[in-house]
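Below are two complexes that have chain A in common, paired first with chain B and then with chain C.
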Partner chain A sequence: MQIVDTRGLSCPQPVIETKKAIDAKAVELQVLVDTIAAKENVSRYAKAAKFSVSTAETEYGWTLELKKL
Partner chain B sequence: MDSVKLTQMVKTSGCAAKLPPKLLHEVLDSIGWMHSPDLVEGFEGSDDACVYRLPVGGGQVMLQTVDFFPPMVDDPYLFGQVAAANALSDIYAMGGEPKVALNLVCFPSCLDLEVLRQILLGGQSKVAESGSVIAGGHTISDATPKYGLCVTGFAPEHKVWANHGSKSGDVLILTKALGVGIINTAVKAGLASKEAQQKAILSMTTLNKAAYEAARDKDVHAATDITGFSLLGHAHEMATASNVSFILNAQNIPVIEEALEYASMGLNPEGLYNNREYLEGSVQFRGEMEQSRMDILYDPQTSGGLLLSMSKADGLLYSQETGFSIIGEVVEKTESPLLVV
Partner chain C sequence: MQEKRNLIIAGSIFGVLAVGLVALGNPANMGFCIACFYRDLAGSLGLHSAGVVQYARPEIMGLILGSFVISLIKGEFKSRGGSSPVLRFIIAFFVMIGALVFLGCPFRMILRLAGGDLNALVALFGFASGIGVGGILLNKGFSLGRSYPQARAEGTAFSAAALVMVVIAVFLPMLLKASTSGPGSQHAPILISLAAGLIVGSLAQRTRLCMAGGIRDLFLFKDPTLLLGSAAVLVVALILNVATGSFKLGFTGQPIAHTQWLWNFLGMGLVGYGSVLLGGCPLRQTILAGEGNSDSAVTVLGFLAGAAVSHNFGLASSGQGATTAGKIATLVGFAVITLIALAVMKKQARS
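Moving on, here comes the complex of A and B:
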């Protein structure tokens, strides 16, 4: 599965990186985020792009698993 | 000069660059306030400007404020206009007339000086529009550009609007639509439409002068301007400082339409989530509401409008005269300072 690492990036960069992966036809991807803002924003973007989102807490922040609906 | 993209030189921009309110309060609360018998409003009430009684008498007070921030638009002239409109707004929010302004500038020594000139020209255009004068300034060489003003204004003491004093039975009026923080983030992402961008710039460069002047002789009990802490953040400050609760009607709160779309795409600025975290437990939402409409209430505004609490009769009149929306009402204090319906 494709991994998009957005740790250390400030908004709106995590959304832009996620969008790039989705625009390149990814149907399943993991997005690594380390701020609440990035977690919330990437989740919103995923829903708008018709992807499901499941969130898992990790030691550095969260992993968001996105799947095309 | 064309190749300069001001917003790409900074990490945070506009009023979204404010230090998170929670952190700021922790530090300020630990320091302790200074007092003076002539200092009518100082730190405690988180007012927009300080109010100092002039020794010459005559019932006049001096209002002073300082505000500066990194660019939220690429065009240096527009940046100057936004920063100046934003700084001047604090005087209007206190019910005063701005009179004297000082420039505050941080500017990279390697950057084209024409950029600096454009920033200062933009600032000057808004200061001129306000009827005040730039009397000097201070410039520091710094890695990222920042601009703003220290503004002095005056008002009769009994006419000063504080951010407390809101009374049960008042109506609440907001004089600019929300959403510029979200649109600025969308611009940064390269995903904002030209129209949305223009709406945001028009909003940010509009002085709160007309809103103030139309309200000057109305029965205003409390006022503030909406900036980095968002509508809910500033409404919360006003409600708690006034010992009342606000009921806000979400459908009547003016928003820039495009901001709702961008919020649903996750183009919210980081400060929006800081505001939401800070206000957790202080806001109740009744009924179903779209997430984006909720988000926009926490959106940090740059050079936002005035939030006015005035008697119902005058509020209705003011709204008719100006077209500004009544967004809620003031009630006796309940368990939650803010209720959004």
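Moving on, here comes the complex of A and C:
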């Protein structure tokens, strides 16, 4: 599965990186985020792009698993 | 859905508080102005000597501490930093110069619009254009690099400084410079200003409200969610201004404003351009600094330095318009920020 590591990036780069992966036809990807704003923004974008989002808390923040619906 | 509702509620409360602060003594259309408040704070600390704009605005300290306390309570406080602090300082320095050429930050631009000041509409076009250009660079890979976890002290120090400033402003005001005339002398009672700052700070932290982010997300992701916050501020402040008779539609005779459309456009364009590369408007940077982001704390120091230089060297506009030095500084700002962007993007292309 493709991993998109957005930890430590400022707004809105986590969403841009996720968008790039989705635009490159990824159907399943993991997005690593470390701020609450990034978690919310990536989740919102993924849902709008018709992906399911499941969130797991990790040591550094969250791992978001995105799957094409 | 809930996100949208919360942003609308928070924005509406900001609108009410902003009009309320003006009724209680703040300068017209300046219930909140992050740029003006940092300028006044810089003056109160003697960083510049423009006697009419010196006052340790308690709203600013309230914003920082409100964000700090609520992020601690909600477990969202995180010490982090190390993402190009010097470049952020420089970009912030020019964002402040642009704001003072226009005479307001994005927050005050919305409040000026709500007061009927059409110069702010020109500035809004500039702001959106600046965000558009910054957005293109972000899409092409612009990044100031990652931040990393830092010691708790690093993330807390800025809020501690804000607390010290509150204590000084309340108990030892004679240590600070304070204007006896001009905008710096106009202010709501200190504790009310502080409380308003705390409320806005905590709500802005919860909702991630950002004046630059709203337009940016609309451009980049066709997502209007964040824009709802700014829209709510505008609508509510507009209604209250009309109801209280402070609404006056037009370009001329507007309070603490000038009518030079080109410099209103370019000043705010520079603010939009820099803000989007920094990752948020001056309000959002202030909130992030309270949450433990020391890169945003450095950004705020850049705002203070930019404000000090603006008033020490006559870059800030007056009601008569932009100064020659201010116009040159604005153009230099576009050039410097573009050079920074090209430099970091070139490095990324190689790596």
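Operating definition for what follows: the second predicted complex is superposed on the first by the 69 of 69 C-alpha atoms of A that agree within 3 Å, B and C clash if a C-alpha of one lies under 4 Å from a C-alpha of the other, contacts with A are read in each partner's own complex, and residues count from 1 in each chain.
Here is the rule we go by: contacts are C-beta pairs under 8 Å (C-beta built on N, C-alpha and C of every residue); 3 or more make two chains touch, one makes a residue touch a chain.
What you are looking at is a predicted structure, and each value in this text was computed from that prediction instead of being measured.
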item: First (chain B), second (chain C), both or neither touched by A:T35; value: both
item: Partner chain in contact with A:T55 - chain B first, chain C second, else both or neither; value: neither
item: Partner chain(s) touched by A:Y45 [first = chain B, second = chain C, both, neither]; value: both
item: Chain B versus chain C as contact partner of A:P12, first or second or both or neither; value: both
item: First (chain B), second (chain C), both or neither touched by A:T63; value: neither
item: Touching both chain B and chain C, residues of chain A; value: 10-12, 15-16, 35-37, 40, 44-45, 48
item: Interface residues, chain C side, partner chain A - complex; value: 3, 76, 78, 80, 83, 138-139, 143-149, 208, 210, 213, 216-217, 220-221, 223, 225, 278-280, 295
item: For the chain A and chain B complex, residues of the former touching the latter; value: 10-12, 15-16, 35-37, 40-48
item: Contacting residues of chain B [partner chain A, same complex]; value: 11-12, 185-186, 188-191, 263-270, 272-273, 277, 291
item: For the chain A and chain C complex, residues of the former touching the latter; value: 7-13, 15-16, 19, 34-37, 40, 44-45, 48, 60
